[in-house]
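Pasting a structure here, questions to come.
We call the chains A, B, C, D, E and F, going by the order they appear; numbering starts again at 1 in every chain.
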Amino acid sequence: MPRLDGRKNNELRKVNIIRNYIHHAEGSVLIEFGNTRVICTASVDDKVPPFKKGTGEGWVTSEYSMLPRSTQTRNVRDISKLKKSGRSNEIQRLIGRSLRSVVDFRQLGERTIIIDCDVIQADGSTRTAAITGSFIALMDACSYLVDKKIITGIPITDFVAAVSVGLVNGQEMLDLCYEEDSNATVDMNVVMTDNGKLIEVQASGELAPFSRKELSSMLDLAEAGINNLIKIQKNTLLGGYK
Amino acid sequence: MPRLDGRKNNELRKVNIIRNYIHHAEGSVLIEFGNTRVICTASVDDKVPPFKKGTGEGWVTSEYSMLPRSTQTRNVRDISKLKKSGRSNEIQRLIGRSLRSVVDFRQLGERTIIIDCDVIQADGSTRTAAITGSFIALMDACSYLVDKKIITGIPITDFVAAVSVGLVNGQEMLDLCYEEDSNATVDMNVVMTDNGKLIEVQASGELAPFSRKELSSMLDLAEAGINNLIKIQKNTLLGGYK
Amino acid sequence: MPRLDGRKNNELRKVNIIRNYIHHAEGSVLIEFGNTRVICTASVDDKVPPFKKGTGEGWVTSEYSMLPRSTQTRNVRDISKLKKSGRSNEIQRLIGRSLRSVVDFRQLGERTIIIDCDVIQADGSTRTAAITGSFIALMDACSYLVDKKIITGIPITDFVAAVSVGLVNGQEMLDLCYEEDSNATVDMNVVMTDNGKLIEVQASGELAPFSRKELSSMLDLAEAGINNLIKIQKNTLLGGYK
Amino acid sequence: MPRLDGRKNNELRKVNIIRNYIHHAEGSVLIEFGNTRVICTASVDDKVPPFKKGTGEGWVTSEYSMLPRSTQTRNVRDISKLKKSGRSNEIQRLIGRSLRSVVDFRQLGERTIIIDCDVIQADGSTRTAAITGSFIALMDACSYLVDKKIITGIPITDFVAAVSVGLVNGQEMLDLCYEEDSNATVDMNVVMTDNGKLIEVQASGELAPFSRKELSSMLDLAEAGINNLIKIQKNTLLGGYK
Amino acid sequence: MPRLDGRKNNELRKVNIIRNYIHHAEGSVLIEFGNTRVICTASVDDKVPPFKKGTGEGWVTSEYSMLPRSTQTRNVRDISKLKKSGRSNEIQRLIGRSLRSVVDFRQLGERTIIIDCDVIQADGSTRTAAITGSFIALMDACSYLVDKKIITGIPITDFVAAVSVGLVNGQEMLDLCYEEDSNATVDMNVVMTDNGKLIEVQASGELAPFSRKELSSMLDLAEAGINNLIKIQKNTLLGGYK
Amino acid sequence: MPRLDGRKNNELRKVNIIRNYIHHAEGSVLIEFGNTRVICTASVDDKVPPFKKGTGEGWVTSEYSMLPRSTQTRNVRDISKLKKSGRSNEIQRLIGRSLRSVVDFRQLGERTIIIDCDVIQADGSTRTAAITGSFIALMDACSYLVDKKIITGIPITDFVAAVSVGLVNGQEMLDLCYEEDSNATVDMNVVMTDNGKLIEVQASGELAPFSRKELSSMLDLAEAGINNLIKIQKNTLLGGYK
């Protein structure tokens, strides 16, 4: 049985990445995973958090938010509730950890790169799109620093991309859209590097516990999907990074 | 002396409007005034504010915000400061008043249309772009309500558009970009209808007071600019509204 | 047809200004426009905002608030809602811009004068009363700095006053009280200097658009009203300032 | 040795009470204890807190705040810090308890009277001035309810007034001004009824512990002071309440 | 090489669970994983969130917090920063999902059980201790509902416990204490049921990516640890639940 | 007529103090007054508030909070309401003043001791338990500073303890439990030193005014109770302080 949009279970949605999407930012992309669209910007800040002061090392941090009407029904803005949503907190922490895992902070020097991920339109897998797109924005911000001779080399040790997988109607599926995600009994997000190493695995079976075997099959799906995403990232950067 | 980008003093920047930009919203546009880019969505809500309950009348309200890196240096998010910026408050009140001035609330019925204006990239005149784009989103949301037979006719009484004018280096100029705005001694925003009536005039001479004559010249410029913007709005809607 | 309180359309309400109303403040007044009563204080602070640090120049900023029962029905305090009201934000920005337009920041030196406008009783036109009264408080705070030999001359370049005008039942009226304001189709606030120059023009036709001709008539009314207010300001200051 | 302002140790400062100070409020006074000036308003609200719903009984609550420049150096507003100050919280709880102690909630019926105490100018003893003045505002709001035939009788069982006493330079003193309060080793606020009964005793020896004997002497002073304040309250109300 | 406290790599710290620790709560435990101590309470609330209203189904939600001095250096309270920490948000969402996965909401009926996890003393693995202890509190709250004949059976479908594992100095270790956690290159939290099914897997290699093989070894360790924890849970409940 | 738990009117509940309850803190106790249980920690911070900077003197401050389920019905957390409760504010100010009254700030030197009082289980008199327990935590934190040779002597000038008294069913009673407190017409908290001096007296007759004679009887009860509490404090510290 094919998926809602005719995809095969191991097939990504169409991925589109527009670089330099926001002129002001040192790095920025608009990334699309099907109808999911996220603006990712990378901003260079000369300051570092207190725990990095005087260490000669830099930092990468992330913020994630959704426009009010990126979703099917309008969300009240965080500022109207005076609370960052718990979900956004969870996601931006994931994005930050994922990107930091491939940054050489010593080479970056005492500065912070702030990654802003703002979801313009949500159709599932916004966090994995955000990670995959932010990596390009981060690369471009680093290239900017090299071009300006602020640092001597790109302080990125590996490619990073992320994908969702899930168990939907008893089948493992890759890159869930919103409707699939809503019907998934297991929902999983995987972040990996170019060399096939895992950075983050977050699997949740709130609706139905899952077996080690199912976990393993889903990881297989994710690995293949991430390999494809990293190819797309490389094509996108071609000419600007080798 | 020509302007920074070669425009004449009474010339608008290139205006671009993409309708149905966000699939989930009842009405949505991406509007560009040169490098200024704003996403405007119109969301229909079945509730009205307390002062409209039981009146049979609807309401239109607006929220305005900027993405952190829509500006040259990154802005801290409102939620991180736990305060909506005073400037955003001022602007969203202006947008709300401007749109409400052409809505027939009785025909709209007891529902609220929430206009969200999120600035993706800022290069001056974000509030006038927001008003001009929101009008299209509002029209489309009303068409949606008519198509769904929720209301019987488009409850909009007139077209509305807005433009900035200013006194820069002693010359009156139309549709200021960021750098012109920064150097303006007088900064003015004008909202008008199709039939040449004024809805809002906000002129501020914080850096240098201005004369009645200068006010009049700037209003002339604004009027011509708004007429052009309303032509663009009509072309955009052609086929979808008469 | 005379107005509610028997005034002519071009007539101000009784204006009363009590200087040195709060002993602790460097400048302070209680100003009354009819039943509208506002306490305006000017406080000198040795610090300046970051963008003025090291420039040798000062700054003027303003905060506006209403006591909970200054209005017909009790308002919940900002702190109980954890939000400064949008309207107060809009008004305090207007007050700040209006006063800054006549301050020589170089002569003031690197210090901030904070203007607090607290409405004790509201009967329309609180923002114009606040601007008109704050100017006196600002002058007195500057005189204090001169008397203490902290600065060498009054760093104020011109008088500033403000007045409301509106279109009520088809007639242009000056200095609207609350009930007139509630029935106005056009509501306008004008800030001018002693020499007849405009500082701020804010006209809003939320209930009915207005013509250039109506705008002009209302500006005429405002100009005459402001001239009278500046006479009252000069009488108030007589002996203390020339 | 006389006090700073020449008063005797058992002497109140000049007390002044202006009734109906704010036209909109059901009850309101401006009360002065010397240079301490507080606006107290009593607002009638048709709702009651959840724990009173359906009981047929009413409630009295209080809020206390200071204008930013009521003090020698300007205070940042609560809303700018997003926190009600701990001191204001403590004081408004005291005011609420003190007034509730003399209200017959059954006779008041299911409605709330909200007491707002806003300090215009502070020179010590603001909380005792607030309690003493609020009692008059409360009485006037109750008279309003009786006049409107909403309730059948004044639901107040006794007069209430409050005064500060303290141990300054080894001497017990009544009604401390700011400078005396700053030098007091013991600071005490007493709330009493007309018939000499205690409602609140709050004595604090943060700078030096005190003896039972000193407590007793201070209570004597307070009792005499409160008797005088209640006389002043009665004169103020004369004709309006017996 | 033995661990800091002499444990073997696959050994839990001493686990201690005191039931009915807080008299007021429907269910409550003090749970200790070594020096980590968490108070878990389960409170029954008659209301459900909006999305459950009228469904006949209940809900389980969780809040997690740390006492200011549960950590080596004192943490500023959330309320002083006006922000729930991102980490606490992430953890309480994990606790909620984990417990909900074994609750039969239909049998629970339209009521919410609120799980509060307050860390008294932190020495690593607070979230896994919180989940393991909260399960007992949840069971006891359900027993309370059965005893009171509010529901007819315990609406819990399986046991749930959680444990941390990590890669420390190249070795996989179970149940990390704070110092081990600080030195771990991979940090993982696993939630499982009695029958060996996975509920949550969260593995993070911020400091060094990890292989599928390492993931698998860590899951083996976790599974054995959770089996032991569930035995301890069963012993704790013995007599009160079968 | 005996009390609910069989105590005599002048009898304390069983008092239990566990020192060094939280390993991380410089001083910490779990104190129990019957079923009331409070964790008190004393944390040493190298900074002082602005008004102490450069004076060579230290400071002591306090924060008080209740766990959500320390009470009969669950309390919403402060952070969920974004407001510190007024009651908590009042109590933590009382605790701070009480402890500061016996600290020699010069001997303490420029550092702050932060006292955190977190109520684990509430059954009346939480604030007096908090003061009595915090004194021990404060002593232990000072001993820590002496042991580490950071200061040369314990900068505490006297013992401090606190107790509640009240008028319940016409009888004066010592150390009220929750149910007694709920029925008390007068509620009083007294803080005293070892040598019988008063530090704080807070008596409140919200439900019924009280006489000087009743105040005096209650103070007698309190004095005897505090003498007993200080004996318990001394036994607790025996060996660690003389």
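What we mean here is this: a contact is a pair of C-beta atoms (placed from the backbone, for glycine too) under 8 Å apart; a residue touches a chain by one contact, two chains touch by 3 or more.
What you are looking at is a predicted structure, and each value in this text was computed from that prediction instead of being measured.
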Required minimum of steps from chain A to chain F, each step between chains that touch: 2
Chain A to chain E, fewest steps along touching chains: 1
Maximum centroid distance from chain E, chain identifier (CA atoms): C
Counterpart interface for A-E, drawn from B-C, E-F or C-D and sharing over half of its contact pairs: B-C
Rounded Å distance between chain C and chain F, as computed from the means of their C-alpha atoms: 50
Chain B-chain F separation of Cα centroids, rounded to whole Å: 59
Length of the line joining the C-alpha centres of chain D and chain F, rounded to whole Å: 28
Numbers and ranges of chain E residues touching at least 2 other chains: 82-84
Chain contact graph, described as a line, ring, star, complete graph or other shape: ring
Cyclic ordering of chains (reference chain C, direction chain D): C, D, F, E, A, B
Chain A partner contacts - residues on chain E that touch it in the complex: 82-84, 86-87, 89-90, 92-93, 97, 100-101, 158, 192-193, 195-212, 215, 219
Residues of chain A touching chain B in the complex: 22-25, 28, 35, 39, 41, 43, 45, 63, 65, 67-72, 74, 77-80, 82-84, 114, 116, 118, 120-122
